[in-house]
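What follows are several structures.
Each of the next two complexes has chain A plus one more chain, namely chain B in the first and chain C in the second.
Entry: the complex of A and B
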């Protein structure tokens, strides 16, 4: 008994002590995590939450000519674009541009990404670096590059004319064609990166197993490779779509004023007509559009994943 | 290791706080301490690009040589609307002292109480600005004048086109650049077309819109990039709307590959005023700068550099420059685009262009 009494309490003490220590360590850890989060959260608060709240508040004000902002609480800035066919068309064009650029970008990036993901070459790292290297150059510079290539006297038109295929230069800039070409190329590195990271479930052995069971190369691709790479494809499409509908520089520079999308409209309202409340309302509409798309995407990925 | 990470986090946190503090202070960098007519600094807001380069070389550098104790901080903006927007944002805590901007926009600024009145006691050179170039209420006077011109490719047009109607000529379809409103160039073309159609554009622009719609399919770009001048110089287009001053400058730069002319049906003035910001942080030094900007010396130098017509009566221009700046003696056919009217028409006309004129 004495022995027991002597033996048990220290163990219990140890147990209590350990528990206390663990809890204390847990608290300390939690505090460290929170402390670690503070700079980021502070940055987010100042650079994202406040401006967003300010923008949403601004969208309920009223804009008068010459940049005068009437502080009020009205839905006029929302009613106007939502009841005006012109803004419906602009929104639809924005959406269409996003889908077209997203689909084309995924189509041209898929083979590259697939090759990079499956490559066992010792140069794989270098090849990936080369594929995403365009990100090192500003989108403005690359857009100007496309203006030179696609212009009336540009590389494409002069080559086609030189080969005698056309007599009049093709109109490849200052319209949606130019914007689409430019955006697809500009967003390719993003799509490639998103796909490579989304190809997690892609396994060469599964393809080999399908092959050894008699599936043709085409069947292996359609039944094994493609379904397994679908999450990556969807992520890439969503990323490019979101980037495309919010992009301003390329539609502005390559669109020549004829491509009117939400981003260019917001720019015009902000810097040209100084109607900040209206520009803010359009921005909120664009944000809602983002939200809807992301919700649809999550549903889709769940379906595919499940 | 732990200490290093902690140290790093502390450093990041410290720098975040420092950046936030700095950015919070950024809005009101001005201080009136040490500001006098001959010392201190002047925060100037004006146009960017070639305008900034030439104004710096022709006016700001000589000013700095004359007043070595006054520092000029040049904040450049692409358009007067952007300048107005910046000034509106600083209204309660002005950081800018002087603004050089389009008079249609500066009038808005005057009405919104953004600017201060200027008189000859602090700005003696104002006495040399003729009455017609002064503001009737005493706000910032005209600093320089220009007008909308027709840009043309000299290889296609050995002789300058005489009429704006060339923009409708099917021979040049697809080779035209027109800056759509809210650009002043597009607003001016709307008024000019309206006048050509015998319409009073202050009442309505239906006829002008119908006519501009006929032109639109032949327009290659409604927002030329990098700008309206380079588009003609590089052969992307052969005709375009542009400003005479920059047009003359780029004509020289391109070895006369591009020319600029005032067609017979008339044109619209583009007038820049120089304005003193209300409650400017460096008011005394700012007035010295405004006075210098209105001196014959500065006005002549800028006319020689970028072909803007001077607004002071005592500026003497050499004949080869005088022939190339916009005439201000009444010899040019001017389509009047009233500032107050423009303020009400800008939104409407921009909307009309977007919905009815600009083609996809």
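Entry: the complex of A and C
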């Protein structure tokens, strides 16, 4: 009796059985996860993948006057923008605007984000909320705000004139300067949020350690703070760049029709000229631009060892 | 003659006006080459003290001197100290060698010398082969050693360790304890070590500063703070202790190290012997007896003429030792015995407790709130 009770199945058998059971459980789990993914995937399929595929297909059609779309398969829609210097100009301007807005936005947001990320104040949550509060107002409203501030008789010009610093109003709207100023401010909350979440490896103790090893405040910043916040800076830049080159409201309103970027061009082609195939082709070019910058971003983040 | 390396005078830190100070007029002198442990419960001000010495925090008042020079307001990067943080704080964007070389780079040490010293520092912590590794590939113990090498490579005026072992598992902690101690003794680096672990402090330190509520309760060698605690807090915090209230009677002669033997009256249980500083006769003091110094017998008279009878409440057997809780009146006294193959005491039995005078220490300050 006791002998039988003490008999334990050989360890190897038990191990195998457990392994099999675990694997079976793993398979079941994986199936559950997949099932849970289905609603989201379906949503994406309907709202993103299908329209995208449709748009790409559209770009190979031919547009005729009065919005007539000729179903065909041609590269004609691409040949025009790629051969016409005007569209090269627009594409280049778009890219340049994205980079300028990205760089400026990151520069002005960095100190704010650094402060918020390092703050141990009990008001930190409130301060972060204040920093991103502008998101509560639509970009359209804020753009109109900037038009008022930057206009010929706006706050900036009348102040400068009042102080006697200028005699003629500065041209701050209806050009790229105005668009850039507006976009930088509008995208600051996004940049700040992206940076705060990207500062993961930065912590106070690392800066203290550098200080205790003899690094001056400047050296602490260049050798520790900046390198460790670089991933956050890059993410913020990428985000702002992508937002900047795809936005059309601010360039249209603050640019006053004299700033042509891909987004405004696409808008004109779609709603004004009703040339959908051409608008689709420009959209694909914009997508390629995204792709290029994302590839560069990934190379960079790998390099700085994210 | 040993030199004073670090001298702290009336150091005070108040985080905000109106708050109790975190560190309250703290005075301490550390000898060259010593390892001093700042020991205390969390919130006792030990880390605040260390951070003020490091220059990471400004004191509200008081002064800090190193080698006779006032450094109270010297910025952190001009103090030349080496600090090991609780989280090690290794730079994640640099490899092991770059981490260790950082302090030398800041001092603009020539490249060739940097290389030599980094290699020597890594050899000292036995990680010479890991120089090219990324820090995140290292185990906790290895990261700890790199942090130590990084702090020591600059030949710091003071080595400051902020709970360096608290993130390691128990086994590794023991190993690192003796390793840190032996490296410290080889380099003769004067070291300030913050810990809340009394075993760590007793094992590693030349001197222990037992802190409580922003004050140093006692500053002395490990044996002093264990055998001759100055206050109830120290006796209670370091090791286990039984406390009895004793009326001190006649001085019965000289004990070693300038102390005196006394006849004492314990809560009406009779006359016993104890030791204490001179001049205690006539007042009431707390008596401290360590559990393993308390004799337990199941028969009266075996362990001496005077004993306290009590009932055994609980016996816990751990193989080598036997912990016995004995209820005496209102109190429960802890005793620790080495086990023998003979009869073991059992719960419910009557036990007789006694001690030799040398093992019962009267706290120097009169017991407060007790009838004289």
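As a working rule, the second predicted complex is superposed on the first by the 276 of 306 C-alpha atoms of A that agree within 3 Å, B and C clash if a C-alpha of one lies under 4 Å from a C-alpha of the other, contacts with A are read in each partner's own complex, and residues count from 1 in each chain.
In this text, contacts are C-beta pairs under 8 Å (C-beta built on N, C-alpha and C of every residue); 3 or more make two chains touch, one makes a residue touch a chain.
Keep in mind the model is a prediction, meaning the values are calculated, not measured.
When the two complexes are overlaid on their common chain A, residue A:271 makes contact with chain B while staying clear of chain C. Contacts of A:152 after superposition: chain B is touched, whereas chain C is not reached. In the superposed pair of complexes, A:170 makes contact with neither chain B nor chain C. Of the two partner chains placed by superposition, only chain B is touched by A:252; chain C is not. When chain B and chain C are set side by side, the one touching more residues of chain A is B. Contact with chain B, but none with chain C, is seen for A:46 once the two complexes are overlaid on the shared chain. Considering their complex, residues 54-56, 75-83, 85, 87, 89, 91-93, 102-103, 106-107, 134, 150-151, 154, 160 of chain C touch chain A. Here chain B touches chain A in the complex through residues 9, 12-13, 16, 20, 78-79, 81-82, 84-85, 88, 105, 108, 111-112, 174-175, 179-180, 182-183, 220-226, 234-237, 343-344, 346-347, 350, 354-355, 358-360, going by the rule given at the top. Chain A meets chain B in the complex at residues 35-36, 38-39, 42-43, 46, 65-68, 86, 144, 147, 151-153, 171, 173-176, 252-253, 255-260, 268, 270-275. Those residues of chain A lying in contact with chain C across their complex are 201, 203, 205-206, 208-217, 219, 223-224, 227-228, 304-305.
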